[in-house]
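Each in structure tokens, the structures are laid out below.
The same chain A turns up in both complexes below, where it pairs with chain B and then with chain C.
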Partner chain A sequence: MSGDYHPPAGWRWLLTWNGIGAVVVTVAVTISLWQVTKVRRSDYSDQRVVVRMLHWQLEAGYREALQLVIDDYNRMMAERHRRGEIPKPVVVMQVAVSEKIYGQVVNTNLLAREAPDLISMGDFALKSCGAQKAQHFLCLDELVRQPNPYNAPNHLAGADIDPAIAAALPTLAWRDTFIDGMRGAFDDDLQGFYAIPTNFFIPGRLSYNKDLLKAATGSEEPPRTFGQLLDICTKVKAYGERQGRRIVPIAGTRANLVYVEYYLLPFLASYRRSMDLNRDGMVSPMEGWAALGSGAFNFHDKPFRELAEASQALAEQFPPGFLALERDTGIYLYTQGEAAFHLSGSWDAGTLYHLTEGKFRMGIVPFPLPGPGERWGDPPKIAASEAGWVGGNLFGVYKYGHTAEAVDFLRFLTSWVQNQRCNRACDWGPNVIGTSLEERMQAFAPRLDGLQQLSFWAPIGPIAQQVGSIYRGQMQALLSGEASIDQVIEKVMDAYNDDAIGEPRIWAKAYDDQKTYLRTIERTLSVQALVARLSGADRQEADRRYRTLLSNQVMTTNAENLRLTWNQTIGATTGRSFPEAAR
Partner chain B sequence: MSTVAGTPAIALRRGWWSRARFLALLWLMMLPTLAGLAVFTYYPNLEAVKYALFKWDGGAVEEYRGLHNFAQIFGGGDPRFWAAFSLIGVLLAANVLKMWPSIFVAIVLHRLKSERWQFFYRVMFVIPMVIPGLVALLLWKGFYDPNVGLFNKLLNWTGLMSVLDAFDRGMPQVAAFIATNLLHWNGDSPLWSLLLLPTQLITPLFGGAWGLAACAVVLLLLRDGLASVPQRWMLWILVLGLAAFAWGPEPLVLTIRATVLLGASAALVEWSHRRDPLEARDRLARLALWALGIGLTLVLLTKTWPVATGAFANGSPSWLGHSKLVVPAVILWGFPWIGTVGVLIYLAGLSNISKEVYEAAELDGIGFWGKIFRIEIPLILTQVRINLIFLTISTLSEYGFFLILLGPDGGPDNAGLTPGLFMYQKAFIENEMGYACALGMVMFVLLLFLTLIYQKHLKVEK
Partner chain C sequence: MPPQAPTLPRQTQGLISAAVTASSPRCSLAPIRGLGLVVILLVGCGDGSPSTDQRQLMTQGQEELARYEFTRAHACFSQVRAIAPAHDVMRREASLALAVACHHWQPASAERIAEAEALYRELSDAGVGDEAVQAQLQLGRLAELRDYFGDREDLPAARARYMQVMERWPQRPEAGEACLRLAAAWAQSLQREDVLRGVAVLEGWLDTHPDEAKASIMLQYLSELHWAFLGDARQAVDALRKADARGFDGENREWMFCWRLARLSEEELHDRDLAVRYYRRIVTDYPKCGAAWEAQQEMKRLGAEPPPIRLFDPASAVKAGGKPGRETKP
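Take a look at the complex of A and B:
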């Protein structure tokens, strides 16, 4: 530092570099403080009730569509306040947060007791355990048994609705106005409703560029079978080379790997009966592991090998290095006309239609399966039925916020008129009975015929732990062309047969988790018993919940059903004893 | 400063009451910061220590398990966690190389004669700090795009892609030749085998090229004589721990090999010191460096590129989508590796070197490079140590970088799975938060150990 420095006195100091810096910092801090207090004053004003609605849906169209409903509601509430029906006006505000940080935002807000009033039930840890969900979110059991007042005749006036449905809606219980009876929102652990579904998602559709198909193949007919899809892809590649343009057949990215699992059930359907031990129509994770351990399922067998080959053939149509590409890149490639096909679900349809408007004509078909006479077509492959799909985009009501106002808005949002309006505006699927999809979204209507199965086992998910991680890593290597099917199977089976991370650990953890879950249920039972004693008028409800939770606990047979499954399958065929020591 | 009784010195000379008031005032000023530190830094970390002993899923499941989590970690319950450290080893070695551009830039800036230009360049280096790390990460992800990324375009435009392709075809053949002819007995041609006998002894004697390198490091540590062993006990723990992987893994083979190699090294050292005490240190260091050079060269030629990837043939390799290219991509990230913080830290150290030292060096005839390696770098070892500690901490604990670039499984073939990412998997995918805390504690102890080694052995020789 140089010595003998004397800064100018008085206002002239502001003209020095230090002074300018200090002024800039002061102004910036002042503006920031003003912005923060402005938001705080707005959100926490005593003059009105502000209901905040948190979600992560940043897709094009959803926020605008939701805002249409919110604006209507806010106007209605302002009018009601003006007429003196409510003491303060209610204002709903939506807060959209990126999916990447959504979990952390919700967790932090819940722990800080400053959560928004309505929270989209995405992937955050504090909702994963039943007791935690009950701690933070309002139980809606009683509310969903009452009719939705916004389905009253005065709200349905002028709507293009089936008269029989219009007559039934005003008196139907809220839960019965949904196409799935709110099955998707039912919490099996807590035996109750803790969220409301607001629309209907259908995954697994293939969007295609009609104009590009016509140019490359001479026909804009979409592929109906897997073989036709591969054939078209070959022609599209050749077309691109003739034109000297970079054209990929399918705009696949790392985000599309999940669609490979769409083919799991059709290709592995022959295992359903042998793997579904309890005949509930689903192959649970532990049933899958039991089949693998007992030899009833083998990766080397024809079904899985065919699945792997078909997945490889599909991935070969993706752009080179697709594992490094994000979902946005896939959408970009497709909407810029550099890809003939795009794999996605109904949530992206609006975005795709919007971005391709004026560029090319778009069509949507289901994922094609191998047809008769084609490679992998024997035995015939049948797609899974979508009859069992349930409502999604669930919103829970934060227990310590403006619960009455939040519930009221949810009723408004899921009324017949608003539900159809909101979802049509963003090209999503409405989920109230009698509503219908936009014409161009008809391809997303659930297909009811097919194999009855909602889920099928694969070595993935939390129970699979490290074996699942290795499986996913190996599948990526397989689909990128780095590894062969035999190499993948070898590595996955090496992991599965490893005592440290494989079969013993998986079963021991599942057993341990069930025991822990039971202890959680017991704690919840204790709380319910206390609530039942103290609640007075709500005693009946508390008693009912106690009985259902107890029933739930009893049905898990103290986690011994796992031991029974082991003994009946792996134990019976291999003689190995249940791996308690691994715990 | 203090208004209690005039100047602080006066306050301290007055009675205990004045002293107490003065100290109380100081503590009061520090209290907000200490409270914030305690609540937002120490408390969460202590909670992590607590939850390491629990089965905890981040929610209501909270059951005391004692040392069960640690027993699982150290009892072979998670071999992938330990295997992930091999990637960390590569990244730490790369960090040592990646430090140098910042050092050289700092030296160049320091040597600028014009203070105005120095100031200008310092500001230019600081400005990029406003870019959030996530933005830089996503920019680089764009660079690595196989089809439209800048990186592949640059490689194609400069012709380096064809060089890489040639390496991709040639290096595996070199590796195979060395592995089958140099490092192992090949009885097809007796004369040929005799000529290669010295190299063919590497595998049986040292366990391979890595073993030779480990033995060279042992010799380097011993160069000052057996009496120096107690002073460097932390380095010995580290080196012998790593050497065990190279000399083993079978326990009996490891024991015999370690005994023979350590005994031979000790005997060589003692003999050299008794024979020629003055020159022994330099001779042993030269021998060790030669052996280290041979070992590392063999490792480089046999382990870095053993299999052809075929990724460069079409001119658009997928740097983040190919398991063999993920690690080079991670190492190359941030090129030319001139970090603002590093440059400023080194510059601060260089500014403490007085001009007389340079003048004396010039009088002694030391040139440009001599000043760098004999004056500047030795005198900024404190700053080098600080940066190395930061780099080590960030490398060992980093997971967000790999999560965003490669996904939660570490990409194809789990090539980018680091201990930090493994910890993330355990916490947020498998809901084993308590176990993840225990993993964090293990990594903390490792980091502490490495930091202590840097503190003890990487310092300016007064």
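Take a look at the complex of A and C:
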């Protein structure tokens, strides 16, 4: 060693790498502390009430549209504070979080009792059962029965509104001011309202590039049937090849698998009557499994084969390897003019219009089905009705936050004027009676014709368990060209006939789940009845809730309706006895 | 509006907190937690006016129960039970509430269920007040349902409890529920003779209690028993029509009853007019159920002119019923 290292003395040390590093760290920590203090001062100040609104709607335009309403509200509250009507100014702030981490953010904050005041009821675990929801969210039953004060005549002055509705709105219960009467916000387990819907989402629409269609087919007329769609797709492919450009007909991604599933109902509709054993107008999952187990439904029959063929034909129009593509990639391909069509719902329409502005002209039509005389067009295919669609983008009120202020802002946001303004600004569907869609969004007006959404069983969903996973995996293999229809059927039926994961397990698990669910209802019934009795709550309302829960519970005969269904179908045709659940 | 937590005396708040900790199954002092609770409760008795504290604790307990916070609710109701006089109404209320907290404690355990059962029995045996009826009914529920892993259903015991409610308190609202539960408890065996007993229980009750508040639910269930269990379409339709006359009971499920009535009328009773009537009801009364268009198609198939679906026509809905877009009961 030539000698030990001696750092420069005094201020010169700051000019060494170590010194510069220490300065940088010190400055960064100071700025961070200052920033934290600033946020604490502004967001947690005793001088004002800050209502934080957490959501996961990152689609283009929504945050800006919501901010328009928030800004108006904040101004109004500041004015009210100046006039001495409220003790502290109220400030609403939106916090937008990606869907990838939304669940973790909400769950963590709820458990820490530090959750935002308003929470979008997106995908998070702590809302999955009634008791958990009741622990964290405010019951809004009383509030939704009162009129929305922001629908008072002074708030409607100058609005372009139907006079009959303008006359009715000020006295209508908040609940009744929504197009769906808040049916979608009703919690069956708790028999009450724990969230407020703020718009309408309508799925199943096909956006198309008018300019590309014109160039490829000579017409910008969109497809009205599935046959026409495939025909245009062929022409678009040929056009891309002629141009030496890589153009895919449909910007499909893994998110579009749901559209393949939309075909289930139209293609398998012929089974609805025979599968609906209790004749209540719906085919429950277990009625579906009963049909499969008893032979009333067979994957080898024409309806399923045609469904698989049509699904394959649709997937062939997607980009190669589409199952690995995220939803954003589909939007990118379409808005860059590299695809003629994009499949989605009203939540993406604003983004698509925004990103294609100045690039090409865009139109929207309903997702087409095979038409008469076309391949797969016999028997005629009928889409699902959208009459039962309910309000979306629901917000719950965190029980331990600024509940009164949060509710007030929700009332403001869902008043006739602001609801229309916010949703039209981002090309979404407003959900208050008498509001209307933007002209270019008319394709999203709900279709009243069509089949009951839940009138057909799908081997998907939680009840299907492993067989459902295998079905979905095999369908993906089919759509990506890695499996034939026969191979798919063979694999699915192998799984179904496997005692470990198939039929016996499906029924035993369903029976056990039903028992657990009924026990959960018992808890709700018992607790709510007692609380209503002790607190002297609205007796009529409490009785109504109790009766509904009681009715739902009793009608299952303590889950023995499943055993009965088995005995009358699979048991009767195969002689097999009901698989007992693990106790 | 926001839940208003009552302001309890500081000492009482501390007691609740200590009692919650002591009664927690995870408490490391589990073996002596019962003793700790007693000491805490005895100390709590000396704080201020007992009656005021009792009321506040009951309110606090109700709020905790409403939040499904069974541990905290248990602590509150335990204290009230400990300090309230033996024959006081509040003691009975606290006992029932405490039993409910134990009954639905999560995670469920044999110990908590035993505690609930003992409290229900105490109230039921005393036979005083509303609490006795509730307790008797809940003893039936304890017997009928599986409450924790390894628990067994005891249908004969459940039936006996339900019958006692019906016999001892025939004019109480709980008696109607007990009747419904009894019928379901019979039907669970799926044996024809047992199902017929269930049917007889319901029909007998409806005959003698024409003003029964839960009559619609009973008739709806009667229809289920007649059709799904016994295959008797005519009786099923009759029962469901009687339920319809009283007004179906079941939020958002009314259209399903209409659908069943229409299909059974057409396919089993060959009563085309009745089928048309109920398909029409789906279109006019439940346009948002999603099955209205199909109901229209069924009407056309049966040679009837269907009414239009009036769904997003708020102006006319406002004028007509004052409840736009809402299903209205017949």
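Everything that follows uses one rule, which is that the second predicted complex is superposed on the first by the 538 of 583 C-alpha atoms of A that agree within 3 Å, B and C clash if a C-alpha of one lies under 4 Å from a C-alpha of the other, contacts with A are read in each partner's own complex, and residues count from 1 in each chain.
Everything that follows uses one rule, which is that a residue touches a chain if its C-beta (ideal position, glycine included) is under 8 Å from a C-beta of that chain, and two chains touch if they have at least 3 such contacts.
Bear in mind the structure is a predicted one, so any value in this text is a computation, not a measurement.
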{"item": "First, second, both or neither for A:G321, with chain B first and chain C second", "value": "first"}
{"item": "More chain A residues in contact - chain B or chain C", "value": "C"}
{"item": "Which superposed partner A:R523 touches (first chain B, second chain C, both, neither)", "value": "both"}
{"item": "Partner chain(s) touched by A:N567 [first = chain B, second = chain C, both, neither]", "value": "second"}
{"item": "First (chain B), second (chain C), both or neither touched by A:L448", "value": "second"}
{"item": "Touched partner set for A:R305, first chain B, second chain C, both or neither", "value": "neither"}
{"item": "First (chain B), second (chain C), both or neither touched by A:K214", "value": "neither"}
{"item": "Which of chain B and chain C A:K237 touches, first, second, both or neither", "value": "neither"}
{"item": "Touched partner set for A:E142, first chain B, second chain C, both or neither", "value": "second"}
{"item": "First, second, both or neither for A:F186, with chain B first and chain C second", "value": "second"}
{"item": "Chain B/chain C common contact set on chain A", "value": "131-132, 135, 519, 523"}
{"item": "In the complex with chain A, residue positions of chain C that touch it", "value": "1-3, 58, 62, 65-69, 93, 96-97, 100, 103-104, 106, 130, 138, 141, 144-147, 149-150, 152-153, 177, 180-181, 184-185, 187-188, 190, 213-214, 217, 220-221, 224, 227-229, 249-253, 255-257, 259-260, 263-264, 287-294, 309, 311-312, 314-315, 317-319, 322-327"}
{"item": "Contact footprint of chain B on chain A as seen in their complex", "value": "103, 107, 125-126, 128-129, 131-132, 135, 246, 254, 319-326, 329, 462, 465-466, 469-470, 472-474, 476-477, 480, 482-483, 498, 500-501, 505, 512, 516, 519-520, 523"}
{"item": "Touching residues (chain side chain B, partner chain A) in the complex", "value": "55, 57-61, 63, 76-80, 141, 144-147, 314, 316-324, 407-415, 417, 425, 428-431, 433"}
{"item": "Touching residues on chain A, where the partner in the complex is chain C", "value": "131-132, 134-135, 138, 142-143, 162, 164-165, 168, 172, 176-181, 183, 186, 191, 278-282, 384-385, 387-388, 399, 403-404, 407, 433-434, 445-446, 448-455, 515, 518-519, 522-523, 526-527, 530-531, 533-535, 543-544, 547-548, 550-552, 554-555, 557-558, 560-561, 563-564, 567, 583"}
